[in-house]
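So that you can tell them apart, the chains are marked A, B, C and D in the order they are listed, and the count of residues begins at 1 in each.
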Amino acid sequence: MRIGFYPGCSLNGTSREYNESVKALAKAFDLDLAEIKDWNCCGATAAHSVNKDLSLSLPARILALAEQQGFEEIVVPCASCYNRLSVVQHELTHDEALKQCVTDILEIPYNGTVKILNVVQMIEKYMQDKIEEKIVHPFSHSVACYYGCLLVRPHNILQFDRLEDPQSMDTLMTKIGATPIDWAFKTECCGAGLSVSRTDLVAKLSGNILKDAADRNAKAVIVACPMCHSNLDMRRPAINSYLTKPVDIPVLYITQAIGLAIGISPKELGIERHFVTVNLN
Amino acid sequence: MDNITEFEPKIVAFVCNWCTYAGADLTGTSRLKYATNFKIIRFPCTGRIDYMLLLKAFAEGADGIIVSGCHPNDCHYTSGNFHARRRWVVFRGLLDFFGIDVRRICFSWVSAAEGGKWADLVNSTVAEIRELGAYKEYQKVAGYLEKEECNE
Amino acid sequence: MSKIGVFICHCGENINGTVDCHKVAEEIAKVEGVEYALDYKYMCSDPGQTLIKQAIKEKGLDGVVVGSCSPRMHEPTFRRACAEAGLNPYLCEMANLREHCSWVHEKGEATTQKAIDLVKSLVEKVKRNKPLVNIEVPVTKKALVIGGGIAGIQASLDIANAGHKVILIEKDPSIGGHMSQLSETFPTLDCSQCILTPRMVEVAQHPNITLYTYAELEGLEGFIGNFKASIRLKAKSIDEKLCTGCGLCTTKCPNKKIPSEFNAGLGTRTAIYVPFPQAVPNKPVIDKEHCTYYQKGKCRVCEKFCPTGAITFNQEDRIITEEIGAVVITTGFNVLKTDYFPEYGYGKYKDVINGLQFERLASASGPTYGEIRRPSDGKIPQKIVFIACAGSRDPAKGIPYCSKICCMYTAKHAMLYQHKVHGGESYVFYMDIRAAGKNYDEFVRRAIEEDGVNYVRGRVARVYEKDGKLIVKGVDTLLGAKPVEIEADMVVLATAGIANKGAEQLAQKLHVSYDSYNFFAEAHPKLKPVETNTAGIFLAGACQSPKDIPETVGMASGAAVKVAGLFSQDKLVREPLIAVVNRSAPPIFSTCVGCFMCQTACPYQAIEREEIKNRNGEIIKTVAKINPGLCQGCGTCVAFCRSKSIDIQGYSNEQVYAEVMALLNN
Amino acid sequence: MENSESIPVRLLKQTGVDVTHCYQCGKCTAGCVLASEMDYPSSYVMRLLQTDDRENYQQVLHSNAIWLCLNCENCIARCPMEIDIPKIMDYLRAESLKAGYVNKKAKPVVAFHRAFLDSIKYTGRLYEVGLVAGFKARTFRITQDLKVAPVMYLKGKLNLMPEMVKDLGKIKSIFSKTVNNKNRENK
């Protein structure tokens, strides 16, 4: 079936390997992902840090476009975009006045009928029961599943997994032969939007996360969010200068981990785009 | 009746024995003053107050009515006041149909400790009813009641 | 043609000061049906009452109206006076000329006129009053106490010592309840079991108390003084007459790995077991869910070893019924388990325990014989963190109320820890310290000042395990919200007190109301704390809301006194101001059409269905019938009745309509 | 702030969040990853807002904390009173900008947000090179990330040319109706 695909900005830039791996996975499970035409940025943290209406309008336009282009369901791999879109959809459904004023701004009809899936939900819905049979190289490593903030919170809106110590990614990892570790930083923030403006803080927060994962000898950190990835991966030099004892633990997207397990080539999954080289096994 | 002297409305209060009646007693013991054209009838509970009584009162020439009992959850009989409140909500709707101005009936909660509140309530009601003037249409209601009675 | 006597009281100057009492009397004398009217300085005084009595006798009055103070003040006085003069007391009414007239108005014509109107309207009412006789209901002088915790024990003993029979039922195999699980008690630190077990024994031996353990209430019907309770005696699978309580079976039972309820899951027990050494009765029961024989059909080891052959596998549950006059509910409370707290690890960390579990660790009869040891590895924790308000005052978790006892027992726990683990470090994260009670605050101060417990004002956001330590992330809000991180060996959650499981169902069986947290509701928050809104059913202890031992015991004794008071009469006498469904000659029998709207309105389940049969026993119609024992006379049913078939004595439609009309037509 | 209504009431009307619900348990601060970096941690901010004191309110608008808040929502996830602190933070940031109270330490953060939004405004999508350039221009941090950028380019993570949304007019109009709209109060 044809499902809408909203890559979001980072998946076309800094995190294109995420984009590639999602598409590769979709292909392998013959899932037809069609990019939403003429999509715009969701505004991310910047928008709602500065202006409420803007932070509502930008995501609303994306959802409106999706409706226009006849999608019932859209996949949003970027946790931040997923969060923004879901929150906006929720707010507009629960506030008619707000909905009206936003549609006025958009000048295109918005009903808020599109179902929004994050990557984990996509895998759970369309792939998980087929994963086992496809496995060629079991991903037999101990992994730390890092959910970050935006995938699970706010819980009352997203209703995804449980709030503390979520399990969905761990379950998927066990399916591909990995052993997820029980650790403490599953949902602690990595520093997100401060990546550029306050690299020092990001180094600290991401550092604590990686340290705990390493201390519990995880061989890889599994993520489902480009921001988490770029902070944990790209910011590694800064992180290691913050940490007394540097860590070289690679950070993979859940789509990459599964991709590798079912035999998609590292190239196709954009593994080599990582800053921290991935040499597992 | 000459129009120099102010119109003195007749007002009846239907109150429950446990909260408002006692509250009105407290008004007395604290010597707070209110208008004389105002009389209290005692009931075990506001739940007992059949709204036909209110219509009867209007029929008998009352210009205004107060119904008051225990605050929600304080009812001596646990839920009588809730029944009264629900009945009131239904009854309001009918008042228009009877040609009675809703403002002529004041529905309130006054506890045994609220002597002051009772005095204020009475005075404000008296003032309000003075504004509204005498209730003339009661013959209609009386007529309606007669019919009601023979239906029974 | 009625003969009403009207008596206007001056109340000194209280009434006469603003009302012309003499004029009132004069005016009233003119009213049709008024035989006699006079005014007098003090009607309530002996001479005053004598005036009334004489008038009744000499003039042969058939109704009396006293115009004086509020009926809430002297109605009983004047009604008694009438009765003494041979007039039915319910033919006497009072007009409130003081609180509702003389005191609230200035002196003048209008005030006097109002007084006249008030008296008139009551004259009209009295003309329609009917002589009424007080209601008498018999009393079965035997009480049912539900729940054998300290509340139930205290209530049972007090009632029994007052010379009345008591049936005490307890759902568990032994009485004792939560108190038997406690180590020491605040604020005195005396050993809980030492003060409780003698009481337990007393209960077992008291000639007036029948104790049924492993028993639950099936149902209750009837009304105050006349209840019928059916009680389920769960099969214990042993013959208590033969069993000597030697305990051999419990040592031989192969199934030893069952988590012990008494030790709050920290210890284990066997399938045939006595909950704890001092249990009353000290005889085992077989827990069918865990017994290998009941589950798999073979084993019978206990039977093999029992020297008296007391094991009886074929035993069935029995249902008995008891006639009782009053009920005391003492079913107690429960505490949240640690798995209720996601942020503290969903209960997956062995060393994060709740307060009750800490009690067991600190108790000499506990799994560690009173030594504070970590459940995970048995090590003695060098650093321990207590988290107050775990669940309490937390609307997000659905528990907005304060559990009341946590502040005190947490202080006690920290103190006990400091006493038992020398050089140990203890932290208490709290929001407020609520230590209202005799020697309570002193107790908390002692924990802080003498035992060096570190109190930190702030809540803990999360607890996680790292390298065998529990990392506690808290905050000190008194230092400008400074984050605090503690590497603890053990964490104790003062988890919220909640209603006991099954409380809701029990309340419905008993027809008593309960709040949104399933705690039983008292009849009045201030003046009727141990009564329920169902006459004859009383409350005590934590089943009404979490409370400590002294409060519980006090409440239990209070409830016991209520029961004893009830049992002190052979018959219950109540004012007859209750509802009645009219009855008339065949073929109508009653104007009641049997819609039973009244039943939905009645807060007391006082309205029953009565089938009217003809000679051949065929049902002609079903009509409502008021149970005079249950009806409290609120009259809600009267207003509800569509066919005006219910009326309430003392406030009948006829009476109040007359009152209204008289009041308005002057 | 000309109207007489109290600060808590205004916050309630503007954001739907009632700061008076906060009973200062501090659980939000205890769980906040950046609390130790903030001049006023979240629970402290809540207290300052509760006081309905203009000075305290301005202190908050001046604070660094509101710009450090990552909106990771740890706080609301655990708040016993379910107070939406992130929402309040969003509002405070907007107010701080409007009033020109932005804390000096927070300038880079604001600069980043601005650069970010500009990038969207002119291309409809985030153009990272443009973003970083814009950010550096605003903060004069010319040398920052000099090491990272080339590697990113090599790893094919940087587009030298921005992607464009075709219907740019629409994006521009959205901006003109929101951020650049002076007469619209944030609701």
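A few notes on this one:
The definition used in the following text is that a residue touches a chain if its C-beta (ideal position, glycine included) is under 8 Å from a C-beta of that chain, and two chains touch if they have at least 3 such contacts.
Quantities reported herein were computed from a predicted structural model and do not represent experimental measurements.
Graph distance from chain A to chain B, where chains that touch are one step apart, equals 2. When the interfaces B-C and A-D are ranked by C-beta pairs in contact, the top one is A-D.
Look at where the CA atoms of chain B average out and do the same for chain C: the two points lie 35 Å apart. Here the spacing of chain B and chain D, counted between their Cα centres, is 57 Å. For the pair chain A and chain D, the distance between mean C-alpha positions equals 21 Å. Centroid to centroid, with C-alpha atoms defining each point, chain C and chain D lie 53 Å apart.
Counting partner chains per residue, chain B has no residue touching two or more of them. Counting only residues that touch two or more partner chains, chain D has 74. Within chain A, the positions touching two or more other chains are listed as 163. Viewed as a network of touching protein chains, the structure does not reduce to a path, ring, star or complete graph. Pairwise chain contacts in this structure: A-C, A-D, B-C, C-D.
Those residues of chain B that touch chain C in the shared complex are 10, 12, 17, 21-22, 24-29, 31-37, 39-45, 47-51, 53, 56-57, 60-62, 76-80, 83-84, 87, 119, 152. Contact residues of chain D toward chain C in the complex are 23-32, 35-36, 40-44, 74, 78-82.
By the touch criterion given at the top, residues 162-165, 184, 212, 215 of chain A touch chain C in their complex. For chain C in complex with chain D, the residues that touch the partner chain are 343, 389, 393-397, 431, 457-462, 473-477, 480-484. On the side of chain C, the complex with chain A involves touching residues 342-343, 345-346, 462, 464-467, 471.
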